[in-house]
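Quick heads-up: structures coming right below.
Next come two complexes built around chain A: one with chain B, the other with chain C.
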Partner chain A sequence: MKLTLSAGIGILLTAMFVLSAIFAPLIAPYPLDLTVGGVWDAPSAKNWLGTDTIGRDILSRLIYGGQITIFVALASSVIAFSLGSFFGFLAAVRGGWTDQILSRIVDLMMAIPSPIVALVLLSVLPLNLPVLILVIGVLDSTRVFRLARAVSMDIAVMDYVEAAKLRGEGQIWVIFREILPNALSPLVAEFGLRFIFAVLFISTLSFLGLGVQPPLADWGGMVKENKDGLIYGKSAALMPAAAIAALAISVNLVADWVLSRTTSLKGGRGA
Partner chain B sequence: MHPILKLVIQRVALGCLLLLAVSAVIFLGVEALPGDTAQAILGQSATPQALENLRQQMGLNEPALVRYFKWLGGVLTGDLGKSLTNGTDIATAIGQRLGNTLFLAVSAAVISVPLALILGLVAARYAGRWPDKLISGITLTTISLPEFVAAYFVIYLLTQVFPVFLPVSMVFPGMSLGAKLHAVALPVIVLVMVVLAHMMRMTRAAILNVMQSAYIETAELKGLTPMQVIWKHAFPNAIAPIVSVVVLNLAYLVVGVVVVEVVFSYNALGQYLVDHVTKRDLPVVQAVGLVFAAVYIGLNIIADVVSIVANPRLRHPK
Partner chain C sequence: MPEIEKNLLDIQHLRIEATSYPPGEPPRDVVLVDDVSVSLKPGRVLGLIGESGAGKSTIGLSSMAYARGGARLAGGHIILNGRDIIHLTGGKLRSLRGKEVTYVAQSAAASFNPSKRLMDQVIETTLKNRLMPRPAAEKRARELFRKLGLPNPDSFGERYPHQVSGGQLQRAMTAMALCPKPDLVVFDEPTTALDVTTQIEVLAAIKEAIRDTGVAALYITHDLAVVAQVADDILVLRHGKKVEYGTTDQIINAPKQAYTQALVSVRSIDHEEKAEAPPVLSVAHVTARYNGTNFDVLKNVNVELPAGQTLAVVGESGSGKSTLARAITGLLPPTQGKITFAGRELSPALPGRKRDDLRELQMIYQMADTAMNPRQTVGQIIGRPIEFYFGLKGEAKRVRVQELLDQIEMGKGFADRYPAELSGGQKQRVCIARALAAKPKLIICDEVTSALDPLVADGILKLLLDLQRQENVAYLFITHDLATVRAIADRIAVMYRGQVVRYGSKTDVLTPPFDDYTDLLLSSVPEMRLGWPEEVLEHRKMESAGN
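Up next, the complex of A and B:
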């Protein structure tokens, strides 16, 4: 696989974000909630990116916030993938009624824009991390379902699947041992796109005040905390905003590259 | 019956059915979740007796299905119930705000649709060369940005670096159209940025797809200029996919509006929804959610109908 320049930049930046999230307590110059300066201090040698609305170090909060943002996004994309691909494969292998029911449920879920569904759900559910992860994961699994179903429809009619069925393997065995390995590469390429979607989703929810709740910090919430400063020309809110943008773009670059690699080998990637 | 009419009626009927199913999901789905409306109003310290009285008063002791049909009956007759937090009539509140939301969305659509088509045509004309690469690069970046991030970059740029606009959009009854347009300029710019990229990329893809046809080669061989080929031969045949993309993005606009309204404290439907999600005011959330879903499904039906009508094979059956 030839590495393109944009893919290289993407991988480098993504790795940087992930590493700084993992080693947050080691890298961050200050603790998450320590007031170290005045309100919205400009960047200085002491606080590289300045301070926030109550004088906390923005760089430290960005590093800790990245931990939460990346963790929530990763966990919900894993849920979206497990749910979506399992039911997608099941629909393709079983066909008939199972397929009809599952597909119609997904159609119904996709008939309402997912941010609206999320808002309706979050007006009843308690706001904590497991609930957020589950809501985003389930809403996002619909797209994975469609992709997994489309990909495995082609695989389910292959001779080796037929052979497995004839020698008496169960459906679960067929799904995990025959379909999954062959459907993996388009799904892996899609993972990057779903991860970005989850990052944007959790950031937007937190920005609306309906995502990660204080004292935890994530990037969307940090934009919300510091947005009023923009009116006075304080650019503090732009730092977490830039972090979201940089993460989204760099993962996009990697996903694009993986996608162009796999599509050239495997044909279309489906909707 | 004319086959087009039949198809259109089928699509509309299917859409209505879908909307009905969505209303059931919004009402019954939420009922099925853990959480108690009476508890939400009175708080954790409420006595069992007070809770019981409130449930009686609100009819919460009836089975969920009965309440669903009552609610649905109310929705169909324009009665959306009362807000839990301040007791105001929800239908009136939505009526006041829907206009503001539509004003914002329509202003954004009027700018973004022609712009997206023109940029898409230009990118398709110069496919693979620098104008295409420039446009594609910029749009790929804006696709990666969530609405509120794009919004704050625009705010910082246009109110601080180049102070042209005010960072808050206030629209109130009695404002002249000019004043209103000036007030919504910033949110409209943000919304245009957000939907333009998708629309433009799809336009480009649709035209490039048509460009591979044999009749395009004929048109090129008979000596038409590239722009004439695109405009006269490729564009009419790409209308169906383009229209459906445009309408789907307008549907997306309706959702993007929610976040943008909150960013600019613009008093409209999205702001109303988010406020009441925070207050856990379920009747308001359900009603506004249904309005958004209805607009979204309605636009999807329009997209389907237009692509049916734009197909000459269906328009002139043999």
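Up next, the complex of A and C:
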């Protein structure tokens, strides 16, 4: 498959974000919590993107914040995918009551807007990273369940799945060896999209004060800290916002490219 | 013979190309039709015959200067009524299609608009080309309905496509093609999708309509016995090239080329019926229905299959033959009756069966494409039952896989290939190897040769018979093709609407006196003999008059 220009840009930017997150301590010019200048200093040679509401270097906080944002989003997407696709496949393979119960639970969860569920849950549960990741992951898994179930419904009626059942294979073999490899391409493309939604979700929660808690920094939290600066014409709040947008767009470009390879769910399987 | 009459259609050195886009490789041009020349006089019928991919439909459509998606008319001339139409465009082409040349497609059910009445669709092109006013067109359509033997020809056009049967729909489409009084009609496999018992009626109707209207026709089919009934001349094609071109009589009775001879003599397998033996499978009083319906798809079915022999289950689509296979495999537990296999009574539902029951009862499917996981290599596909049932791993498994590949005559180098890299016949062979890997006592073959070209299907049948001799495996062979049954069966069960209407050894079943349904089924099988459909239908008419 040919690499398109937009996909190339997407891959380049995504790689940049990921690498700077991994090597944050090496790249960031200042520590996370050090006050290095005045309140909301404009960008300068010393502080490339300026300083924030209490004089910390925004570039350094962006780099460290990227670590948290990307990690939380990635971890919750992985949870969403493991849960969603396993139960989606199970519902498709077993059908009947299993399918009914799982699908109705998912319907129930999807009927309530997920930010509201998340807000309620997070205000009750202790606020730390594992809880945050789990809540986002479980809420996102409903969408993955729908997709995985729909894709594997098509595959579960194939003769080779019937042949495996007639051979006496167990459900685990059928799900992981017969269905998963054939459902992988649409799921991988969906993973990119779900990752972006997780980034937006964690940023929203942090902006509302229920996400990542200080002293840790994340992009949504940084927008919240600096939002008052917008009134005085300070650019500080725009930097993390731009980072969120750039990450979302670049991952989206990659996901689009993967998706275009699998436009026809059946055609992509041959090679 | 004086050559005064001018040719209606003259195809000269036709070349049709398409661009293929293999994954991971640069696109390249493939030649679909290479240097084919034919000519057709007014009122004559030319049969185009060949296997799938031979280019017969492509040539047929080129007579309307049309190339299907991706293909292009790359060279040569197509001279229709004295002018070259290969480079015509737009309006000129539109007035040519549906006026001078019309087309009858294979699947009438998919070609009719379900939301419009038949009459409006049948006369649509006639009106669009302003060939006659509406009342005249409707009158002509009704005449054609009558000629094609459709029931209630005066009110037939008022119906919607879903209200008539498949065979009637195919005849309605023939009426649509004949309505504008074209010079040439292209028939593209018009009877292939029909049951044999329907095919004979449609075939006779088409033949009569062609003769009465004096239209010229291109008749495309893969079945030599069918084309022999309608065509004056036959063009045999293979891989887009001409193999042989001659009169029907010459092609059928004195074919010159080796390939044509093979086509004519296909299904020449000799199979001696085996003697009675104790059964490996017996199905007793089995009745089954699908969940949520109040209709029995199998009604009190009793059959037995001796070890190492072949039981052919024959019937039309919807007769319940595949359902019988589902009941035996446990996918559809019967509501009544019992199934005994290798001396043990089988649990009705799949989850209750022992691993040995599963191992000794294998299945081969009609569509080899969907019967193999496209993400597994041939080695993995065949290797899995070896590992699953016998616990062989690593080198021992690899050796056994190669042994099986040798048995299905595929040799080395196939174990690492994916199904997409195999031909249709090879795919079906791999499916056979997967079934054999379990060392079964019984293999259920569900229409295993129906999707294959005749010569390839012949090879598969020969392989199955060889394997039966070597491994002493029994086959339950489900098919609608009676020629296949004759070639391989020891015992036959004829099914009709969920019941076994005739059952016994091959000789008994195929020897008169017949019951009504078996008689209908047997006499409908296309024969190469000229005048066969009329003879059979005449015979049937006399019988029903006598009753």
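As a convention for this text, the second predicted complex is superposed on the first by the 263 of 271 C-alpha atoms of A that agree within 3 Å, B and C clash if a C-alpha of one lies under 4 Å from a C-alpha of the other, contacts with A are read in each partner's own complex, and residues count from 1 in each chain.
To be clear about the criterion, a contact is a pair of C-beta atoms (placed from the backbone, for glycine too) under 8 Å apart; a residue touches a chain by one contact, two chains touch by 3 or more.
The structure displayed is predicted, hence computed values, not measured ones.
Visitor: Does chain C touch more residues of chain A than chain B does, or is it the other way round?
Guide: Between chain B and chain C, the winner on chain A residue contacts is B.
Visitor: Scan A:Leu13 for contacts with chain B and chain C and give back first, second, both or neither.
Guide: A:Leu13 contacts neither chain B nor chain C.
Visitor: So in the superposed three-chain picture, is A:Val188 touching just chain B, just chain C, both, or none of them (first/second/both/neither)?
Guide: The answer is neither, since A:Val188 touches no partner chain.
Visitor: For A:Leu122, select first, second, both or neither according to whether it touches chain B, chain C, the two together, or no partner.
Guide: Only chain B is touched by A:Leu122; chain C is not.
Visitor: So, A:Glu178: does it touch chain B (first), chain C (second), both, or neither?
Guide: second
Visitor: Which stretch or stretches of chain A touch chain B in the complex?
Guide: Touching chain B from chain A are residues 107-108, 111-113, 115-117, 119-125, 196, 200, 203-204, 207-210, 220, 223, 227, 230-231, 233, 235, 237-238, 241, 244-245, 248-249, 252.
Visitor: Contact residues on chain B for chain A in the complex?
Guide: 18, 21-22, 25-26, 30, 33-35, 140-141, 143-149, 152-153, 155-156, 159-160, 167, 251-252, 254-255, 258-259, 262-263, 273-274, 276-278, 280-282, 285-286, 289, 292-293, 296-297, 300
Visitor: Tell me, which parts of chain A touch chain C in their complex?
Guide: Those residues of chain A that touch chain C are 1, 158-160, 162-163, 165-169, 177-178, 181-182, 269-271.
Visitor: Quick check on the complex: what are the chain C residues that touch chain A?
Guide: 23-24, 329-331, 350, 353, 355, 358-359, 362-363, 365, 367, 370-376, 384-385, 388, 418, 420, 434, 438
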